[in-house]
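Structure provided below as structure tokens; questions to follow.
Here the chain labels run A, B, C and D in written order, and each chain numbers its own residues starting at 1.
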């Protein structure tokens, strides 16, 4: 599968993540045949799957495109509402959908370790911290929300810092009597996310319908267990 | 001066900082002759100076005591209102007063370096972060407020984290295009603050009236310049 | 068990950790009936167990004492040689022995999470880092060695920093293409270790012979699984 | 000056930093007219200045080229020997030369703040730490050596960590009794260095002969004082 050519459509191709997806996909057998961005809509031919790296307000367009082409979707858009997530779940009855707020392997491992630590350090304080570039629109980040959802019963505070051109750092701190345990992920390059989206593309092209997380992608790739 | 015996009164003697002050002062020629804490008021004889490590609501008592004994004051209470600071300034017309939200040397250096960095990195983003134990009452910390006051024109965000028994960490992050510069101070031991208060006690005993910061104390001790 | 009185002997009672053990044990039903330190040997009566917080060169004395009293041993001495560990294992044929280079719960969790991360991030670079006070004699720390032993096949670098009065920080960094995952433990107070040693004391008093790690103690206490 | 066109020669054009220099210079009025890299030598016409982002073993070639073209040099090559630095100083008798191991503004500020902190915290412990990608050849980094040279009388330890694709982090930690002060710089993007080299190019094109540091460049640009 991995070295096979495939045709993809890209929504949000002019953004930071969209540009990286283009570059990584083109280097790995992908051919861009459909684009939707601020500049308009460009269709060369029917794509085999749609990648969405845009914004919540574009979701209507994304859903209508997936419906029209009847192809799989990988969606990396952050800051979706519960109702938009619901809409993607409905969409996944007819096509396979991979949805995640973070497509890096390291963040998957962080989520895994945080769950494990939380099981043991039940009475410790928890703080979540995220740092992103100053142009980031949502606050806290989608990844921080994914992390916070691990602590259902605790009302965990998220500190969001906005600094220069930082790609994305996430930390979880556990504080107990006389000690602190911290788990931190730093994205060094946005290319990492594009490579995760490529993994998700390969995964979704082999699936029938269904709603999948990036954890499912990594698990199928590596046997990695939550 | 330094090895001379002196008699001190301590307000807030049963708190975390108060206990350290007691221990450090007793090890360095201090004799406790007056106490005011939750348990009541204990007076053995007239103190040569008053140390206050209590809470803003105790300030009336502190001011009346300093008036009654007519002795210098070192006050480490955090979270004072502007009007309470004003009252201390009025008090300092008749006695010397040292007021600071942080009595560690390293925080003085941090303030110094942050001012310096701010002069150069004028267009960079700034974020302040502080971490303290989960029992801390004020939020953000007094020290974070001291740091924030450096950036008068910028509206600088302060993230406050509450974790276990952390004594006190303060960080200032500057974010520019493609780079981050951070200055961080961590208190490893509360004894550090008590030693700073001892320095302030030696300083204030040699002064006439006036309102002093801990920067003045350090400057007089080391020639250290802001 | 927990609130029952018990008599203990303490080797290395005048060191930093020894002093904390004394304080924590005395606050929790312990009565010190035997001491061995730089000042000499003081025996009030036969202890029910021996705690050793001293140095590798004292091990002969420790073993002869445990033999003589025929009681359990909890040993927190770091920097033991393989042959000294062997000697403790031999000793554990007749009495229960708990041996660890670190008695904090958080470091146990760190070891656990590092093992988990290593299973997944097989091809990532690994770096270990430890920071301790400038008086620390061994380098790298015993805890860093415990961490390094997780990566048997990789030749993992350990950076040891010596700074002021830092109690003990340990970090493990995993570096992959475009991302970094770090797990860090900071001891905020030496009391934490003394509380772990108290847990180990309660554990060892209930055991027959055998060689136990602090992981066994935590597991028996919390059901916490490696 | 800034928007004027200029012709440059680039030594080491195929490396990580060389590629960024190309991209930033081409976006800012630069025209590449000479290249020297692993693939060979390509000369279109005489450059107005030479940029060197290669390796110490290429220095002979660099010097002979600068001699031949008789144009200014900006050199970012790290790990030069004292004798190679001496050779560049000799070269600077006839042409202007800017030499630095780090062309980011933030590292200049870090150097500045570290000098300031060192003046005040004279008796504190110092540790330097640097993190770079696992392909980095020199160890410790040139920037770490620049930092270490601030502490002439202290024998300061440098910890070098090699992790994934990290661009470059440098930290200086000061440790005193009961407190730690840290100053840290992280490069988020290699583009930052290329932009600094562009600043140096503009600077050097306006100079006669002389040996300059990046500090001189920044000072002339911003009035920033060491």
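We adopt the following convention: a contact is a pair of C-beta atoms (placed from the backbone, for glycine too) under 8 Å apart; a residue touches a chain by one contact, two chains touch by 3 or more.
All of these numbers come straight from a predicted model, not from anything done at the bench.
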Which chains are shared contacts of chain B and chain C? A, D
If chain centres are mean C-alpha positions, then the most distant from chain A is chain B
Comparing A-C with C-D, the busier interface by C-beta pairs is A-C
Mind checking the centre-to-centre distance between chain A and chain D? Centres are C-alpha means, answer in whole Å. 36
Where the centres are mean C-alpha positions, what is the separation of chain A from chain C, in Å? 41
Could you grab the centroid distance between chain C and chain D? Build each centroid from C-alpha atoms only and quote it in angstrom. 45
Where chain B touches two or more other chains simultaneously, the residues are 164-166, 174, 176-180, 188-189
Going by the contact rule at the top, pick out the chain A residues touching chain D in the complex. 164-167, 188-189
Residue positions on chain D within touch of chain B in the complex are 104-107, 109-110, 112-113, 116-117, 120-121, 174, 176-192, 195, 222, 224
Touching residues of chain A toward chain B in the complex: what are they? 124-125, 127, 129, 131, 133-134, 157, 159-166, 173-180
